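Two complexes, one shared chain (subunit A), two partners (subunit B, subunit C).
Up next, the complex of A and B:
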C-alpha cells in the first residue's frame, strides 16, 4: 500500500471520529433540554451496561472462559477512580471533568492489573471451577472495600463529583466497541477465538494459550473498571452493595442473552436487561417475577442467545453492490 | 548424506504403571515421507503427542535441526518447526475456513496491538499478505472455494484437508499427520495420499504419517516404522516390513 492511501485512511478515521464526537455532544445537549431525566438515566445506564457486556463478552464469549466476577473489576475501577477524585488527592484537578476522565482511566488500568491476577488461575481451571474462583475473588474485593473506613466502609462514598454523562459514557462505549471489534479482527483476536474452539489445536498452531487467556482477562477487566468509574461519577455515590454478586450475574445474563461472542449481541443484551425491568415497573412488585420469566422464556426459545454467534447485520440480506 | 532434520532417540513415557512408549527412535531426513504403523493401542498417537509437546517425555530426546525440544511446550515446538494434524479432527469450528488457516500464521504476525487498533498500513499489509498466503494454501488442498464457510460446515474429508493446510501455515520443517485418511472412502484416500506426496515435494517438508490402510502406506512411504506395545519392532522399506515375521505376528497374532 502506498503512503498517500495510508494517510487517506488516517484522515478518514480522524474525520469519522470527529463527526461522531460532535454528534454525541449534540445529542447530549438535546437530551439535557428535551428528555425526562428518568429516561436519560435509563439511556446512560444502558451505555454503562453495554461497556460491561462488551468486555465480559471477551472472556465468556470469545475466549471460552467463564467469569462470574465482573462486578469485582467494576468495583475496583469505581473505587479507585472515586478515591482519586474524592478522598486523595481530590485536588482541584481531580474534581474537574478532565481530572475525572484521568481518574476513570487509572481505575481501568488498576482493574486490568486485578484482571491479570484473576486470569492466572484460569490457566489451570475451567468452566464451573473457574466461575467459582472469579466469583470468590469479586466477593473478596467487595468485602475489602466494605472494611476500609477511608472509602466509607458499608456506608459507601458520598459526594463523588458528577462529571460523567451521556456524552462520556457513550464515548467510552464506542471506544470499547472499536477496541473489541478490531481486536477480534486481528491476529491476536483470532488466537483468542481459536483457543475457545480448541485449546490443544490452538497451542499446536503456535498460539501461547496461557498468555492469551491472561490477556483477555486483563483487557476485559480494564473496560469493566472504566464502566465502574463512569458509574461512580454518574451516580455520585457508591457503596459495596452496588457491586455484589447479582450485578455479576446480570452482566453474564446480558452476554448469554445477546449471544456469546457477538458484539452487537452483547450490546443488545445490555439494553434488554437494563430496559426490561424499567419497562415492567407498571407491574410493580410483580416485575420481579415477570423479568426472570421473560429471561427463562427467551433462553428456552433461543438457547444460543438472541443473535447466537452472529452480528446483528448478518441477519439482513446484503444489498447488491 | 544430508543430516537428518529430526532425530528421535530413546523417547519414553509412562502413564501410571503403563509404559505407553518405550525407547522410541526415528530419524527423518529433509523431504522424507515415512509411515508409522502398528495395531490399535500400539502408542502411535502417543508418539505424536510427545513430538508435538502435548505430553512431555519421561526420558530420551528429540532433536530438530540441532535443538533438543524435549520439555518444550506445544506452542514453542510449533514455533520451532514441528506441525501436526489430529486423529479426531480439531478444526476451529466457529471460525471460517480461511480464519482457521490464518491462525496457523500466528507466529508470523509482526504487527502489534496498536497497529490493529489504529488500522495502520503495517497491519493492513501484513493481514493482506497473510490472507493471500492462506488462500494459496487452501487452493493447494482444494478448499479455496469454501474459504468463507464455517469450518464445522465442511464435510469430514474437507476438514482433514483443512487441518493439513492449517499445519502448513506454521511453516513446518516436519509435518506429523495422524490418520489423515481415516473415515474417507477409497477414492478420497487415494487423492489424499497423492496430495500428501505433492505437498512433501512442494513445501520441502519431512512428513511422518500414521495410517491404518496398509496398501496406502506401502504405496507412498519410503520407510516405515512399526510400533507394538509402545516399542519399535521393525523399521525399513515397505518391502522389508511386509516380510518381517515380527510385524506379521503383531498384526495377526501367533498361530
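Up next, the complex of A and C:
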C-alpha cells in the first residue's frame, strides 16, 4: 500500500468520525428541545442496553461461554465511577463533564479487572457450571456494595452529577460497535469465534484457548462497566437493586433474542427488550404477562434469534458493484 | 524426528497407554493401526499435549515437548487434524483456514497452495463450513492443519465416515503432502489403505505396541492379516 492512499484512507475515516460526532451532537440538541423527556429517556436507555448487549455478545455469542453475571460488571463500573464523582471528589475535576468521562473510563478499567478474575474459573468450567459461577460472582459484587456504608448501602447513592446524555451514550455505543466489529474481523477475533465451534480443534491449531477466554471476559466486562458508568451518570442515582440478577438475565435475553454472535442482532435485541415493555404500558400490569409471551413467541418463530448468526444487511440482496 | 518414550496416559482413573514407545523419522509416513479402544487417538492427543502423559517423554527434534502447552507445540511445527475433523462449523471455509494459519503470517500464496491441493475449497471459500459434505470437511481440516506449516502432520482417522472414492482421494493427497516433504503420522481404522501409503506401521493393542515394522512386512504377516486386516 502506498503512503498517499493510506493518508487518504485516514482522512476519509477522520471525516466520517467528525461528521458522525457532529450529527450525534445535533440530534442531542434537537432531542433536548423537541422531544418529550420520557421518549428521550427510552432512547438513551436503548443506547446503554446496546452497549451491554454488544459486550455480552462477545462472551456468550462469539466465544461460546455462558455468562450470567453481566449486571455485576455493570455495577462495578457504575459504583467506581459514581464514587469518584460523588463520594470522593478529587477536587472539582470529576464534577465537570470531562471528569465524568474520565471517571466512567476508570470504571470500565476496574470492571475489566473484575472480568479478568471471573475469566479465570472459566478456564475449567463450561456451560451451566460457568453460568452458575458468573451468577454467584455478580451477586457477590452486589452484596458487597449493599454492605458498604460509604456508597450508601441499601439506600443507594444520590446526587451523582448528571453528565451523560444521548450524545455520550451513543458515542460510547458507536465506539463499542467499532471496537467489536474490528476485533471480530481480525485474526484474534477469528480465534475467539473458533473457540465457540470447537475448543479442541482451536487448541490443536495453535490458538491459546485460556488466553482468549480471559481476554474476552475482560474486554466484555470493560464495556459493561462503561455502560454502568453511563447509567449512573444518566440516572443520577444508583442502588444495589439496579444491578440484580434480573438485569443480567435481561442482557442475556437481548443477545439470545437478537441472534448469538451477530452485532446488529445484539443492538436489535437491546432495542426490542428496552422498548417493548415501555410500549406495553397501556396494558398496565398485564404487560408483565404480555412481554414474556412475546419473547416466547419470538423464540418459537425464530429459534436462532431474530437475526441468527448473521448481520442485518446480509438479509438484503447485495447490489451489483 | 518424533520419539515417544515410555508414555503412560489416560483419562481420569482409566489408563489407556501403558508404557508406549514409538518413533517417526524425518520424511516418513508412519501408520498407527489397531482395534477400537487400543489408544490410537490418545497417542495423538498426548503428542499435541491435549492430554498430559503421566509418565514418559515426548521428544520432537530431540527436545522434550511434553511440558509445553498445545499452542506452543503448534509453533514448533506439529499440527494435528483431530478425529471427526473438528472444523469450525459457523465460520466460513476461508475463516477456518485463517484460524489454521493463526501461528503464521499467511500470504495469498499459502491459500493458493491448499486450493491447488483441494480445488473444491476455492469454490466454497465463502460458504460456512458446516454446510460442506463430510469429504469436503475432511479436506478443509487437512488444509487448515497445513496452513500452520507443520514439519509433522498428525492425522486422526481421515477416512472416518467417507465414501470409498473420497477416501481414495484423501489418501492420494496425503501421499502428495508427504512427497512434498512433510512427515506424517497417520491413525487409521482402514488398515489396508493406511499400510499402502505408509513406509512403516505400528499395531496397537490395549495401550501397547503389539507389532512394529515396515508396512510391507505387516501386510505379509498372516497373523496380523487375520487379526487386524479382517482376512
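Rule of thumb we're sticking to: the second predicted complex is superposed on the first by the 320 of 321 C-alpha atoms of A that agree within 3 Å, B and C clash if a C-alpha of one lies under 4 Å from a C-alpha of the other, contacts with A are read in each partner's own complex, and residues count from 1 in each chain.
Operating definition for what follows: a residue touches a chain if its C-beta (ideal position, glycine included) is under 8 Å from a C-beta of that chain, and two chains touch if they have at least 3 such contacts.
No experiment lies behind these values; they were computed from the predicted model shown.
Of the two partner chains placed by superposition, A:41 touches none, neither subunit B nor subunit C.
Greater residue coverage of subunit A by touch, when subunit B is weighed against subunit C, goes to B. Of the two partner chains, neither subunit B nor subunit C is touched by A:287. When the two structures are aligned on the shared chain, A:309 is found in touch with subunit B and with subunit C. 187, 190-191, 193-194, 196-198, 200-209, 261, 309 are the residues of subunit A that lie in the contact sets of both subunit B and subunit C, per the superposition on chain A. Only residues 52-54, 73-75, 78-79, 83-84, 86, 90-95, 99, 102-107, 109, 111, 113, 116-121, 123-125, 127, 130, 166-167, 169-170 of subunit B touch subunit A when the two sit together in their complex.
Across the complex, subunit A is touched by residues 48, 50, 69-71, 74-75, 79-82, 85-91, 95-96, 98-100, 102-103, 141, 144-145, 148 of subunit C. Contact residues of subunit A toward subunit C in the complex are 187, 190-191, 193-194, 196-198, 200-209, 261, 309.
Contacts from subunit A toward subunit B in the complex involve residues 1, 3, 6, 9-10, 13, 178-179, 182-183, 185-191, 193-194, 196-198, 200-209, 261, 309.
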